[in-house]
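Shared between the two complexes below is subunit A, which has subunit B as its partner in the first and subunit C in the second.
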Partner chain A sequence: MPDRYAVLPPLWAPRFFSVVAPALPHLILEVRSDMPAWKQAVIISCSIVIGLFVSAVILIGSGVPTADLIGEFAASVFDVRGFHAVLVQAAPLILVGVAASIGFRARFWNLGLEGQMVWGGIAATAVSIHEIGPEQLRLPFMALAAMLAGMGWVAIPTLFKLKFSVNEIIATLLLNYVATYFLYDLLYGSWKDPSDAYPHSAQYAAAERLPDIGFVNVGLPLALFFALIVWWLAELSRFGFYLKFIYANPAMARFVGVPIRSAVLAAVLISGALAALAGFVISSGSTGRLTQGFFEGYGFSGVLIAFLARNNAAAAAIVAILVAMLFVTGQSFQIFYQIPFSMVQMIQAIIVMCVAASEFFVRHRIRIQRRG
Partner chain B sequence: MQSVLLSWFGNLPPLAVPYALASLGLIISERSGVLSLGAEGLMLVGALSGVAAYLSFGGYPLAALGFAMVTAAIVSLLFGVLVVLLRVNQVIAGLALVFFCQGLTNLVGTIADWSNHTVAGLQGWALYQLSELPIVGRLLFTQDIVVYLTIPIFLGVAYFLNRTNAGLRLRSVGESPEAADAAGLNIYLYRFAAVAAGSALVGLAGGYLSLGVAKIWMAGMTGGRGWIAVALVIFARWHPWRALFGALLFGGIEALIPQISAAGIRVPQYFMLMTPYLATLAVMLWQGIRGQIGSDEPAALGQPYVREERT
Partner chain C sequence: MAAALELSGIRKSFGDFLALDNAELRVEYGEVHALLGENGAGKSSLMNVAAGLYSPDSGLISIAGAACRFSGPREAMQHGIGMIHQSFKLVKRFSVTENIHLANPRGPYHSGRKAILREISDKTRALGFGLDPYRRIDSLSIAEQQRVEIIKVLVAGAHILILDEPTAVLTEGESQRLLSMVREIAERGAAVVLVTHKLRDVKTFAHRVTVMRSGKTITTLDAQKATAEVLTMLTVGSTIIAPSRSAKPAGELRLAVSGLASRTIEGHTPLVNATFSVRSGEIYGIAGVGGNGQTELAAALVGGRLPNAGAIEIKQPGKEEMMDVTHATPRQRRDHGMAAVPADRQAFGLASSLSIVDNFAIGFMHQGRFGSPARIDRTSMGLATKEAVADFDVQGVRSLWQRAGLLSGGNAQKLILAREFSRAPSIIVAHSPTRGLDVRACAAVQERLLAARDRGAAVVLISEDLDEVLSISDRIGVMTRGRIVAEFDAPADRLAVGRAMVDHA
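Moving on, here comes the complex of A and B:
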């Protein structure tokens, strides 16, 4: 077997050392084929802790007192208002996380989550402004319009990829900028709120706001419902089996007659629809109007959630709640310490890097060989 | 009409240079087989550290540009450790690098109070005699030094990649790391060097953007230019000269935006601002329709090299 007892490449154990200090232990790197789940969980948890520690060091370095750092983070769970904010914040994050994971399952890097959110917000607001449909059905109409708009927007790079093999990473990212400028054109132009002339749309009517049920608004149950549906689709349905097949071996999938194009297209359309629904949940559930930056930071969060949840929709819902804690903490840091909100993105990036790096130790074993 | 054309061509080089340098840097990294999606973040690092060095060390623009290159190269080593040594998925690592740099530059720029200070930055440098030429002289020979240096940099990199032994080895590492390893090349060393050198050029592009073009640092000021540079590399099929051509094309489109409104043609401003992104998409689509996507792509691009799995 070539993967056993291979000596580490020179960068790890330079030849220099074996000449100068032959008695030093020699590192040997082996490829692991399998690791028990609990060990993987330990390694990944350790890497998340390391990531959080690094982030905390950076924040303390930028002037946040240590006690407040822990206090604010704890307040997001143990304080009633904080916990409420976390649950409200979790709804759109669950949706983008699930959206990203169903896209990744089809090997489609949907990095256009923010653009799809923008279109979701625009479509929902269009229904609100033009008062389409009777008032009792206004909310379902807005949600439906948002999902259709998101599907339409994500269909562009998907068709580019399926028809002409255009790289979807770049295409979806560039379309985010296009969608954002279109939003600005509306908000600084024809949709500007006539009552205060700020660049946001007019306040939604009461019937266009997500109603409260119990502790939170209906956004969270809605998001959990869609997470469940996608989990069923991806894990238990025939469609999910197709996606697994395509993910594992596209060439073989084609030979045995899996409808690759339609399966990928369907997965990506679901992804776009859910991201757009997240945009609707924010405008209708939190801000009550279309605002300038309501989508900022969600795109990368979706990728992070899908990555940490290993593209599993049910796990994504849990990870999203943790990310929501980070968001709420970040918002209070923004208010109290003037720390830019993109700090949240930086922490997420640090955690992604740590977890991704830790997979090296899941897939490899490092042994120390003593030499005489 | 003539004056519109003249100011268009005069504004073109400073706008084309960031694209040109960034995509050239990406070509160096990607020729060694490392997919570098982090350009957007590294340009931000270059832009911030350029302005920071300019403000802190007494306003020497060239030294500040050098500092921008060094900082971007150092930050890229983090990416290098992840993808070269630890074999992390290069798309994930690249994305994480972009958002890490976005957050970090925003944070550092705010805390150190480097944001929104206009700087004198790079000044134009009239080449005497040549700049006295009618029409062409004013356009081509009153630019700043980075514009002039771009041509020798391209010549140097193209010569290095295509005409030197080290360049051949670099390309072989990107095409077939197994063969290169068997021939005794240190894959890890070549990839690290390529990532650092390429990122230095990306950092130069960012530093030039803040010191030479905008003359200010603002959070997120690159506005997707890094992603456009990544698309340009695909468009250029990993060849330096085609990347220069693409950079001129995109610089030309960007330089056209103020000209159109100056000429009195009324297009809503936000639709004008969309044009660079739409143009990039159009170019990618055109290339896809012609069936050229992926041709000349380094064969091992995006794949980590694992010697222990060599068969």
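Moving on, here comes the complex of A and C:
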């Protein structure tokens, strides 16, 4: 039942037994119990537009001509090169977005996406450096190694959570730093590229790069395939049905026979594996080697995508493409207007705030009532 | 003299639902005025209007003869209306004084706090009970927290008190104490509205009673002169037939609990050597004053908390051997034919944000009734739920895919019963299955328990409602301080059972 708890009063309010009440309009907030999905979608879309508008104002303020602002953004879709860049950029973003979604569905707040990406990159590169397996199978081996490494890395905080109730938000976040410093240790140490002595690994062989199929490399179809699998698992499978209850009411789920531990573990392992796969897609598909900062910004973006997509894998794929547009536009701003790339993160943050604030309109109804 | 509180022609709708339809209420100073009605009759809505939480679509509120209009609860409070809600509005980690001070700021912090302390001790002394103002809320019992709420509104200067189902969460003894205190407050000149669905509370403690049914106020009567039958007729609109006992003898042993003991957790009475057994076709009622280990017993039986010592053994129909399930998971117990009706429906019975279909289907999902692991079968889930909802008479279902949280208490409980009993369980553990339900829903739930019993299930009914235990149990065990201290065969003498409950305390 709606509960009315807050009222915005007119400037002066009649006190104590007033007989004649003035006819002033009165804003009343009511809690909504339910809202159709399409209305929620409209509200969220509006808040994203508001967020983009606020971002645009800030960008114009920092020196981007208004016409260029729209032009660059449009170029990311309508320009062939720009669109290609967006699609290549979208692949890892889809993977981290889906990875975050499936973890969140099990109420496991995986903020260690970047650490898992790092391990995905390290494992894939290890396969490349040690030339494990025949050349034709090298890529699948690298992908598999990446996914196993990601699962292993996320298994640590998961077991700590299940065994000792250690908060996974902190554990996964801090383990990012452990993974990053281990990466630095490799890149500045034994894996340093002997040809140029820069802190990155040696170039992958041609057979270790993701091949192009048609317009883009195989990374995007791979990411879409996994998004589809996760969508199926979450929406149509019994496992997904269990996750719904684990998310909604874990105490109750246990009493009606939901295997909580195994379902949570499975969801989290999938999450870790997909994040690590994103690391592999970047190093094999874009950079062609293990670099120092290939994972930066993806952790936050993955969480953002899952949040905007309401943890739905299919929606996450769509949102990820929009975020990829933002990334590509940000890169050209960086080149042409010397605007730091962190501007992209700021825009993402503004959008998150707008969408989070729009929750208010999803939960409440505002009515205007006349007094008297 | 003008009435303390007068509500007239109150209408209030939520969306399409008309919650209050031309409701009228007149409460005088010096009386306890009961507001009686089933769940969803509009009692709480009407009182939320009086307390400024809802603003009515139309109608008049007047206090001591003067018309007023509230912009919110704070303004209602300034007019002397204090409402004590079913779920207490207290900050658990704050002390009694801090909570009361928070609601009643009195100038600068330190002097305000002193004033509040003084007022608390004045009020508690006047009402004749002790209350340590420095205790933290979460260390108080439910009954004590309720007293804090009452003191809170009295300190705020309330002269019209509204209590919303105050006895729903209390044991019998606590209820009696609370209601006599409330009557005392009224006799000193305040006006008290007692929202309730318990006839006995009305008959014993109210001066006048207004009956509500589907958003309308039906009539106001003298509580002492009106008979229980008349009041029941008025609230329900039709008479309720009390469930009757079957003559069939109990069958073979189904559940044997021996020497059950549990760890001491603060605020809970541990189990100490609890021993009893239940046969097929029998309802074993466990009576007792609340807080004597019932919660621990239920948790041990359904697998929520494992006991320290003792054994729980079950026998499924058609099996020769007893099976030890003392350390089994809730899921294993379900697979061996156990079903549970939890006391806390919101926490353990339903996932209120998920649909009715989901909440029904989850009980059968792991057994593969609704599709393979790869693909759940929504169509058959929907069909089965539709059938069960009709079968168990779950009302207020606009769509099977609506959130289960939108169901009222009684219908939510019926949905839980539909899920638990459709599997034809051989052992049922029901903990306070009718707590907070109205007369009609109570009867429906009890009928379900009786039907399950007649089908051959062994039913453990843990309830603090002695009338319920007496009316439907075949055997009664009295639980005191974590053990079963006495057993009675039905029909049991109410007095003897009551004495057993108190003697060993």
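Just so it is clear, the second predicted complex is superposed on the first by the 347 of 372 C-alpha atoms of A that agree within 3 Å, B and C clash if a C-alpha of one lies under 4 Å from a C-alpha of the other, contacts with A are read in each partner's own complex, and residues count from 1 in each chain.
Note that in this section a residue touches a chain if its C-beta (ideal position, glycine included) is under 8 Å from a C-beta of that chain, and two chains touch if they have at least 3 such contacts.
Note that the structure is a prediction, hence the values are computed from the model and not measured.
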| item | value |
| --- | --- |
| First, second, both or neither for A:Ala251, with subunit B first and subunit C second | second |
| First (subunit B), second (subunit C), both or neither touched by A:Gly63 | first |
| Touched partner set for A:Ala206, first subunit B, second subunit C, both or neither | neither |
| In the superposition, subunit B vs subunit C on subunit A residues touched | B |
| First (subunit B), second (subunit C), both or neither touched by A:Val80 | neither |
| Subunit B and subunit C footprints on subunit A, overlapping residues | 2-3, 6, 9 |
| Residue ranges of subunit C in contact with subunit A within the complex | 14, 19, 45, 53-55, 63, 66-69, 71-72, 75, 78-79, 302-304, 330-331, 334-335, 340, 342, 347-354, 358, 361-363, 365-366, 371-376, 402-403, 405-406, 419 |
| Contacting residues of subunit A [partner subunit B, same complex] | 2-3, 6, 9-12, 29-31, 58, 62-63, 109, 111, 160, 163-167, 169-171, 173-175, 177-178, 181-182, 184-185, 188-189, 300, 303, 307, 338-340, 342-350, 352-353, 356-357, 359-360, 363-364 |
| Touch list for subunit B against partner subunit A, complex | 37, 78, 81-82, 85-89, 91-93, 95-100, 102-104, 106-107, 110-111, 186-189, 192, 219-220, 223-224, 227-228, 230-231, 234, 268, 270-271, 273-274, 277-278, 280-281, 284-285, 287-289, 293-294, 306-311 |
| Sites on subunit A touched by subunit C in the complex | 1-7, 9, 13-19, 21, 26, 28, 33-34, 236-242, 244-245, 248-249, 251-259, 369, 371 |
